[in-house]
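The structures come next, written out as structure tokens.
Next come two complexes, and both contain chain A; in the first it sits with chain B, in the second with chain C.
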Partner chain A sequence: MVRAYRPPDFQSALTIMRENRAIPLAGGTDLMVSRRRWSGLSPFFAKPVLFIGHLEEIKRVEIDITNIKIGSACSLASLLEHREIPEVLKIVISQMATPAIRNIGTLGGNICNASPAGDALPVLYAMDASVVLQRKAEIRTLPIEKFITGPGETVLKDDELLTSIIIPKKSYNVGFYRKVGTRQANSLSKLSFQGLARIEEGKISDIRISFGAVAMTVIRSREIEEILIEKSGKEIEKLIPEVSSLYSAVIKPIDDQRSNIRYRKTISLKLLRYFLRTVLISKIG
Partner chain B sequence: MKINFILNGKNVWVETDPLKRLLDVLREDFGLTGVKEGCGEGECGTCTVLIHGKIAYSCIIPVGAADHAEIMTIEGYRKTERYKALQDAFAEAGSVQCGFCTPGFVLAAESLLREDARPGETAIREAISGNLCRCTGYNMIVEGIKIASLKGKGLW
Partner chain C sequence: MKGKIGKSIKKIDVAEKTGGYARYIADMRFESMLHAKTLRSSKPRAKIKGIDIPEIPQGYYIVDRNDVPGKNRVKMIVNDQPFFAEDVVNYIGEPILLVVGPDKEKIIKILSEIKVYYEAVKPVFTIEEAEKLNTTPIYGEDNCFADYEIEKGDPDEAFGRAAKIVENEYRTGYQEHIYLEPQGMIGIYESNRVTVYGSMQCPYFVKNALIQGLGWGGDRIRVVQTTTGGAFGGKEEYPSLIAGHVAFAAVKAGKPVRLIFNRKEDIQATTKRHPSIIRLKTALDDHKKIIATDVDIKMDGGAYSGLSNVVLQRAMFAATGVYNIPNVRVRGRAFATNNVPSGALRGFGGPQAFFAIEMNMHALADHVSEDPLDFKIKHMLKKGDHTVTGGVLRQDVKLDEMTDMVLGMSDYRKKYDEFSKNDDQVLRGIGLSLFYHGCAFTGSGEKDIIKAEVKLKKREDGKVLILIANVDMGQGAQTTLRKIVARTLCIPVDDVIYENPDTDVVPDSGPTVASRTVMIVGFLLDKAAQELKAEWEKAPEVEVHKVYEQPGYIRWDQETFEGDAYPVYSWGTNVVEVEVDPVTCEIKVKGIWGVYDVGTAIDERIIQGQIEGGISQGLGYATIEVMNSKDGKILQDSITDYIIPCSMYFPGIESKLIDSYYEYGPYGAKCAGELPFIGAAPALASAVQNALNVQIKRIPVTPEYLMETAEGEN
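Coming up: the complex of A and B.
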């Protein structure tokens, strides 16, 4: 039987991580499924487990003038209820899994799980989110795209905990999110699309586009976004074929049990064009 | 590990593997067989319990994570007036056929009605979206919850 620890506070959790290189478990809604065995048996963990879901220090939401700081062990449901959480993030979270999973599953867990189909990821990439990582001797902050390096892969060290997610406050006046799955509730995404923009005086002053589940990690290209900056509705209309083909080159989906390459690519690009043409241009007027 | 929690209103403890599923602890250590195992992977909702009044899947919660939690199963909930209202409404609407999923649906309904005493159809369907029923086709369950919210006026 593998050891499990339930630290009384966050500092003790860091000490346990240093001494035992444990697997942190907050909600466990992914870990308990991936490690499950026969009914009646405890799930299999190769390393000791550290319960962190009860630690108040990482369950807070803190707001200052420039940032929103979300504790990694905040449940998804608690974020939906929080007044200061941006609506664009709430739209995404409200479509994740089911109410019972959202009550237990955490934002930090969705990030550390690092699934290419992790539903919270495209919007976090689009909002320039950073993650705060802490171990006994060090605290570091990394942009989320530097943290996640591949399917299930992150740069989290084996004695380190993800403690919070920092989202810069920005006001977008266009937001568009689509999750494509086989059914409305509790589906794992075939693909997802997130578009965010700010329109000022008939032109785009800020735009962020990201795609989920169509590559090893979430796709976001600042170079392609740059092409659309300061453009008017008419100019965007002309740029759609070019932008579409640039994204086509970076979208590299796979065939798996949930979908296939052709479907994922086709629908991703259709959603991109829908966002640019129907959502964005109609908003610019 | 010794794990303490409140189960159906009583302080209880259990000395067990903290990674054991809450589902197995409830069924095996406490004999609460109203908590069912369906899929065992957080998809079907037959193992639903209330934790601090909100639904959770006991098949994907290690009991160590539930230390100090307030847990209610259908066995505790059935002693309440609200349960009676849901029971009558489910009977009236024909919300129960084989019954295997029913404890989960009743608790999902409680979790919803506690937040929203007069939910519309969309809110009801959203609230039960994590519970599967292979008999009724859901319409009768949605109807049952609507009836409970009307006839159980003042209970939530």
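Coming up: the complex of A and C.
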């Protein structure tokens, strides 16, 4: 049997976490699959389960002048319908899993699952997202890349809950996302690419590039992005080989049942060049 | 019933399946029923040195080789596969024993405490390794389940005078059935009899396997098919194995025992389509005409022979495709490896052969700078021509008419020319395939092996029972066979009753395989209905019985493989249009067209369903259905990793049937179930070839393969 708690409110949830070190379950679309057993038997959870998917306090989207704050238990489908969610994030979410899973799966769950192929991660890394973590007496905020430390690994403490995701408001005028999976709908990524940029007066004023499923965690390098700042179309064209080889050094995919090292690496770099040359430079003109 | 028989009616099983009240094996409950779970080999090849079994609580049982009362071999063409492993295991997933009991938790605990001591033996994982024979053979002396050769004309003489000789090698991969309902059986032992309920295609295969395994008379064994949620060949031979398991367990425990696989177990342990390597050497004369071909077909049969030799035969008999080649040599071998046994899957050897031959025709055309379609057309078979086995094509061959139709529907010629101009921005391509499927069992199999029997019974209330062993597994047999009988008897379809077969009630009308059900069994039912009609008024209850009689024209020698390999052929042509992403090499299917000659369609919508399902499954095989085995273990063992097409994956399919009539089929029907699968892969691969201007030599055509091929050629 699995012991499970369904707290009436968020504060009770924190109390239960402190007392039981439970496993938080929001939508359960990853947990229930990974822990399923012989049909008819309960899934295996070594620790008690805490249901949090119904807690209103972490199902809200709050907007202020500088940030968008998304409750960790917001379902993916609800974000697609929300007027204030940035279009670049919606593009990503709309390609995640199936409508049924998006109805119950949450953004917080996708982050805490910390899969190298987690679909929401590259865009969150690119948008400088932070996560808000809370336990009974403490709230802390971390950049997402500090939160996720490896495949399936985060710095979440065993009595702590991810409560919200903070995305700084920025306006990008170039966005390019590509998820490469075996099938267009409902498949896991072999690799993914996210490019965001702002072009002002024929030059790049802001650029963010991230790669999913090609290393232990999402790849984003501010140092390499820096090279492209304030550059014109012509200058970028010249920089493509250098930038490409810098990313090549950090893209370290694996061979597995879905794809192989060579394809993942080659296509990631092809998408990078496609973004820089075909999307970005053509936009700069 | 008036008008054409093909006019569609509502499919009989639609309501219960869409309504969710169809009862599958997993829905069935019996009093004090026990659960069973299988302990499987974790080694690809090993001797079993010993097994430690913990103390088993009251009411729990271990069922293993010692509990097989009869012969511990699953009845197959060759009896080499044990129900439970004896002193050796030959593949990962091979069943060693069952743990049976009332509580699943406890069963899992017992399983986790059993320890098997293995002594590893050097395994064989690939066709190449099996051929090299660098370890003790798994089967026989040469590791071949079958090694056949057939010859037509004088290939040596023709190769001797050839102007050009071209060689190509093609490879095809595994394919998994992914029937929605996994394998499952329930065994019951009462009153000195065993009854097995389960998801299956062939109740009498199962019954015969139980006769051998139990060592009992057939009168003590009853097999009942339960509503089957998809099969595709996967429930042809495999159910015999697990029917044995539940039967032995039920006898031992004295209680009903149920064994139902989960998806992972089903993928890891059950049969798949045979991977193949097919090498074709072709001789051309000065006029760019093929004068001879030498085909070498190698298949990975896995650890036990199963149906490998007949799958291989079907591939060999298709080795020249729809083309008239006067001089042919075909060698076929099915090798034993320490992979999961390969088995029946829609097409049964045909898809492998047709992929190779169609791509080879394309490559030959390129080689002699001819348009591939024109090159194919000039070699096309015609009525009266001889097949690879020297059989005569007695019925009409309407390939030219069908090709014209599909060219018109798809605008192939114009698109082919347009797409052939190299344009790196948009990589579009179009491809065409021509193919056939030999209907029903090979050669004289229907007469010599199957000997189908059917019964029709008029009840007092005027309703008519169809008594046959064939099953509806989603393909529509319940609907089409009812339509045939109703029409012949001039009674409403609703007055014809056709229950899931129960071997206590129905005669052996043969297995539901080889696209034979409508053509062979349906024809017998039609004859039975004619007889019943004549005797309708003679008594309140009338039963008629019919036995298969082979049409007089069939000549076949099973020893030499000479003569009419099949009673008749169904034909098809497909066009597929694709777009290939220039950055990621992903393939998007943009258009699909098909024209088929299946004789008379008994129900047009059911045929359309077979066409659309077959093409989709074939395109999955050709593109995204990647299954690899590493050190004997299947890597893609979930539907998360083994991806099949979904309904969004393809555009609409435009298909047409041409008028055709076969006098030994009911109302002129031939075969249709497997045919539409066969042409999809070569059409897709040809389209990709057209788009990228590279030679496609294997399926699945993955983006990984395309990227490497494109890089290799640059």
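The rule we apply is simple: the second predicted complex is superposed on the first by the 285 of 285 C-alpha atoms of A that agree within 3 Å, B and C clash if a C-alpha of one lies under 4 Å from a C-alpha of the other, contacts with A are read in each partner's own complex, and residues count from 1 in each chain.
To be clear about the criterion, contacts are C-beta pairs under 8 Å (C-beta built on N, C-alpha and C of every residue); 3 or more make two chains touch, one makes a residue touch a chain.
Note that this is a predicted model, so its numbers are computed, not measured.
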In the overlay, answer first, second, both or neither for which of chain B and chain C A:S39 touches. both
In the overlay, answer first, second, both or neither for which of chain B and chain C A:Y274 touches. second
Who does A:Q184 touch here: chain B (first), chain C (second), both, or neither? both
Which partner chains sit in contact with A:V132 here, chain B, chain C, both or neither? Use first/second/both/neither. neither
With the two structures laid over each other on chain A, which partner does A:Y263 touch: chain B (first), chain C (second), both, or neither? second
Between chain B (first) and chain C (second), which does A:L161 come into contact with in this model arrangement: first, second, both, or neither? neither
Should A:M96 be classified as contacting the first partner (chain B), the second (chain C), both, or neither? neither
Is A:I284 in contact with chain B, with chain C, with both, or with neither (first, second, both, neither)? neither
In the overlay, answer first, second, both or neither for which of chain B and chain C A:M17 touches. neither
Could you give the residue numbers on chain A that contact chain B in one complex and chain C in the other? 39-40, 184-186
For a test of understanding, state which residues of chain C touch chain A in their complex under the given definition. 26, 37, 104-105, 108, 260, 262, 583-586, 624, 626, 628, 635-636, 640-641, 643, 645-646, 648-649, 703-704, 707-708, 711
Across the complex, what residues on chain B touch chain A? 1, 17-21, 24, 28, 37, 40-43, 45, 48, 51, 54-57, 59-62, 64-65, 67-68, 108, 111, 126-127, 129-130
Contact residues on chain A for chain B in the complex? 1-2, 4, 6, 25, 27-29, 32-33, 36, 39-40, 42-43, 45, 49, 51, 53-54, 77, 97-101, 103-104, 184-186
Can you list the chain A residues touching chain C in their complex? 37-41, 178, 180, 182-188, 257-260, 262-263, 266-267, 270-271, 274
